[in-house]
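Labels for the chains are A, B, C and D, by order of writing; each one numbers its residues from 1.
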Amino acid sequence: MDISTRLAPGLCLKNPILSASGTFAYGEEFARMFDLSLLGGVVTKGLSLHPKEGNPTPRVCETSCGMLNAIGLENIGVDAFIAQKLPFLGTFDTEVVVNFFGTGEDEYAHMAQKLDIEGVSAIEMNVSCPNIKKGGIEFGKDPKILNRLVAQVRQSTTKPLIVKLSPMVTHIGEMALAAQEGGADALTCSNTFPAMAIDENTWKPILGNITGGLSGPAVKPIALRIVWEVSRQAAIPVIASGGITSWRDVVQFLLAGASAVEIGSFSLRDPLCFGVIIQGLIRYMHDNSLESITEIIGKLRTP
Amino acid sequence: MKDCNALVKDNRLVAQDTCLMTLACELSPFTPGQFLMLRLTGTCDPFLRRPLAVLSYREGIVEILYKVIGRGTSLLAGKKKGEELSVLGPLGKGFSDPRPEEEAVYVAGGTGLPPILALAERMGRGSLIIGARTKDDIPLWERMQNIGGVEVTATTEDGSLGIRGMATQALNDLLKTVHKPCVIYACGPTGMLKTAASLAQVFGARCEVSIEERMACGFGVCSACAVRTTAGNQKVCTHGPVFDASCIEWGI
Amino acid sequence: MDISTRLAPGLCLKNPILSASGTFAYGEEFARMFDLSLLGGVVTKGLSLHPKEGNPTPRVCETSCGMLNAIGLENIGVDAFIAQKLPFLGTFDTEVVVNFFGTGEDEYAHMAQKLDIEGVSAIEMNVSCPNIKKGGIEFGKDPKILNRLVAQVRQSTTKPLIVKLSPMVTHIGEMALAAQEGGADALTCSNTFPAMAIDENTWKPILGNITGGLSGPAVKPIALRIVWEVSRQAAIPVIASGGITSWRDVVQFLLAGASAVEIGSFSLRDPLCFGVIIQGLIRYMHDNSLESITEIIGKLRTP
Amino acid sequence: MKDCNALVKDNRLVAQDTCLMTLACELSPFTPGQFLMLRLTGTCDPFLRRPLAVLSYREGIVEILYKVIGRGTSLLAGKKKGEELSVLGPLGKGFSDPRPEEEAVYVAGGTGLPPILALAERMGRGSLIIGARTKDDIPLWERMQNIGGVEVTATTEDGSLGIRGMATQALNDLLKTVHKPCVIYACGPTGMLKTAASLAQVFGARCEVSIEERMACGFGVCSACAVRTTAGNQKVCTHGPVFDASCIEWGI
């Protein structure tokens, strides 16, 4: 049985299960619980050029079948990552996908250059951040801005380039094509949904940052639709992200057109879920006499 | 740290809105101050685990003491003997032992009692101050009084038990009488911790505080539980929940 | 205590609780369970010029803390509504808000004219429908198209005009302003989120229509953020819709800036929730010594 | 129709994956074919109620018989004596009584047994055919055989009980032997209902079928449960679930 999956020239995962950015830190904590080599790949916390302190607390909040986070992209900075964390990740037999972001195009490009080093399997651009030079509009909200950004990053790296889309846009297909034409090798669909929570006793927002991003099973049906929509429009592979909790979810996202999946929030609740999900997927394929996951990807049967 | 299934052995009200639960599960040895992340249901609603300190752990039986605050703790209070929970832990960094020459002072307020009581029971020496609004808010009062070697003082705002007033006032009074190196262990509302920290400075005592912050993972991967320290942001769940009070930047 | 709320000149609800469109039919079934006069208002199923058959089944599907629907706007048509249903609704002491849609601007305008009659308190335009003349793009996805549509409807009616926005857009504030400038008296935020569900056993979509709209508690945090965003940008009142299940939710949406709320999916699960929620709101105001809900609306305390 | 709290009195496995539950709750009198919408938990996950036919209702005790299919029915199967459920009902339009001159034939397959059994028990005359894959799939076999006045035939695909073959084959055979006006009541898989409907036409019998469709509300407000009939779309939950078979447009 072949459960490997190809995301870009030179980027083939041994299985379609990745951690998600921001729920796996830099892998050390999970490595104490299981062998990271069982994963198709790990995606690191989003890195920036300089270390970032993040938002005031509370930074998380529970919602119906989901959670909000407004961590504020706290991270140790790309240099500390390369010096202190990357070598450790290199000791595992898994692909290392480095998630990153910048405050302007040059910073994104600079980051990509810095990460164009051994030990990094691919880079994943988080474009759900405001472009401070363009009056604060998110890179991921305008196809032209996104296309330019991706094109510039493309020229700064030899690594497979994954663009992680923002879901809350009018035409997600347009954004996907803008990234593809900019030179993305693959797309992650998608980041969290801007949302908020309010405490009716204090009359205050629950999160220190007022708003945050919604993730978890609550958003899965939307994420599934986005993957389905994007994978039919884009020619490049799609990585699914949003509410995955089980091998059943994984099969559903593969059917919708994803070539791999990231598991985020659920691994906070159940850190050992990765192994369970991979085993479940193998068992499913065995029970259904499937030889390769390419027999599942995009094979949704529509009327 | 492990993720294990725990069987509810007992779950009973021991004070106003406060329950003591005993669970059967195999944990590694714990340090007082460490905590568990409890998953409450099989479904994804509620989604996040809840952090609760370990009160005791011996031979496969763990005790937790919790105040019913919201949805999660209400669900917990509804668990009956024989039901299952999933437990992740023990997590975090607990209290350090008092040095041989140090006099230990334990201070607890609000939901801060469990880790403090765990420590006092483990050490078997020193003085414990428990502060509450009123008598009915103090759980396990008998048990506290029977910790061999530990002198216990209660303070209540309405004077219904022990001294009328705040725990920090009693701490202040106590520190005045101690004439050797002293270590203060505190857990409770932020205001109390802050005051304990400044008293420690005034009296030249060491002070360790256990901090509460909203958590998603409890094992260091999500960065939810940041606390500002002199060494920058630290994670309450892995660097803490116990911190040297002098390292905390208390903010306003 | 005054829990009445004003939505437009001549449209004041005695309390801020409305039913939502599509989960209340035309009121007859609920009227068998409780006196509709207890509601601030009822919103009817979306009506079209001609009766509509709707989509193939399955039309609903359960999701984590929510549901998908792809009813396909099945309705009896505006004429049958006026003849057979409106008189019944008129027997209750509550405001009758008629939800409607069309396939083109003229049809919307025609509908508005037909509904400009006694017994109709206000009309609510559902703009989450494709404009068949404009290549199928949804009216609610382009501010210019929306603005023109609203302006045309505005000229065809003397009734208070409520525009119900589609949530899945890049700039919800722009859409709100487009509707406001077109002459809307109030905005409903918002309709369901395009989503889907897949059966991993059959490899087929669960809904007959492939995709459907996500509603229920799962989407509440997003709806709350949308209400907060729109109410700070628009000058007209906002009606909240999305995942409301309790008086706590109502207070949260009021704090975020809503002047009233619609309860949809949850009333399918708990048809008697309306009375419970209204009682809870009154009790909350009493316990907090609040005289008027205007003391709550938009009063979120932000840092 | 009412929304009421029901107390689980008993809940037991009575066949392969099939449970019989008795609940204490006050309902108004029901017509066989009518159903309940059960809410399974206090939380919103699972969100929707589940439709289940009333098997019997007498003096505040309702019986339901259900097959464990997915999440909702699994949760139901896990309910123990003393737990609570919320029950909406009785809902929908049930079977009409057989006319005095009519011979009644009841046909059930799969999860279709409960409303059919309810009707047969209420009428106390006619013939009941129950079809299943195998013996173990047939619940309440003893009880069925003891319905006074009703002759019971089982068909199993593997011949492990009764006649080997399909229920519709047995129906065909039976209809050949009946020489008076006849009414067929059927509930089960769509294929079975369709065949029953055409047999009814062939033999000039009246035929009522109980239809299953996904539901959200169960009381007629959401239009989820559309079925195509000669009179246009109708709602299974209020116009049905029982329909005159000749009105149904079976589609492909």
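To be clear about the criterion, a residue touches a chain if its C-beta (ideal position, glycine included) is under 8 Å from a C-beta of that chain, and two chains touch if they have at least 3 such contacts.
Treat the numbers as computed from the prediction; the structure is a model and nothing was measured.
Peer 1: Hop distance check: chain A to chain C, minimum number of steps through touching chains?
Peer 2: 1
Peer 1: Chain C to chain D: how many Å between their CA centres?
Peer 2: Comparing mean C-alpha positions, chain D is 36 Å from chain C.
Peer 1: Whole-Å distance, chain B centre to chain C centre, using C-alpha means?
Peer 2: Taking the mean C-alpha position of each chain, the two centres sit 47 Å apart.
Peer 1: Got the chain A residues that touch at least 2 other chains?
Peer 2: 63-66, 216-217
Peer 1: Quick one: which residues in chain D touch 2 or more of the other chains?
Peer 2: 44-46
Peer 1: So that we know how the chains sit together, what is the shape of their touch graph: line, ring, star, complete or other?
Peer 2: If you draw each chain as a dot and join those that touch, every dot ends up joined to every other.
Peer 1: Under the stated contact criterion, what part of chain B meets chain D in this complex?
Peer 2: Within the complex, chain B touches chain D at residues 41, 43-46.
Peer 1: Mind pulling up the chain A residues that touch chain C in the complex?
Peer 2: Listed in rising order, the residues of chain A that touch chain C are 63-66, 68, 141-142, 168-171, 193-198, 200, 202-205, 208, 210-211, 214, 216-222, 224-225, 228, 243, 248, 251-252, 255-256, 284, 299-303.
Peer 1: Enumerate the contact residues on chain D facing chain C in the complex.
Peer 2: So the residues of chain D touching chain C come out as 1, 3, 39, 44-49, 88, 213-217, 219-227, 232-233, 238.
Peer 1: Any idea which chain C residues touch chain D in the complex?
Peer 2: 22-25, 29-30, 32-33, 45, 53-54, 57-67, 69, 71, 74, 216-217, 245, 265-272
Peer 1: Contact residues on chain D for chain A in the complex?
Peer 2: 44-45
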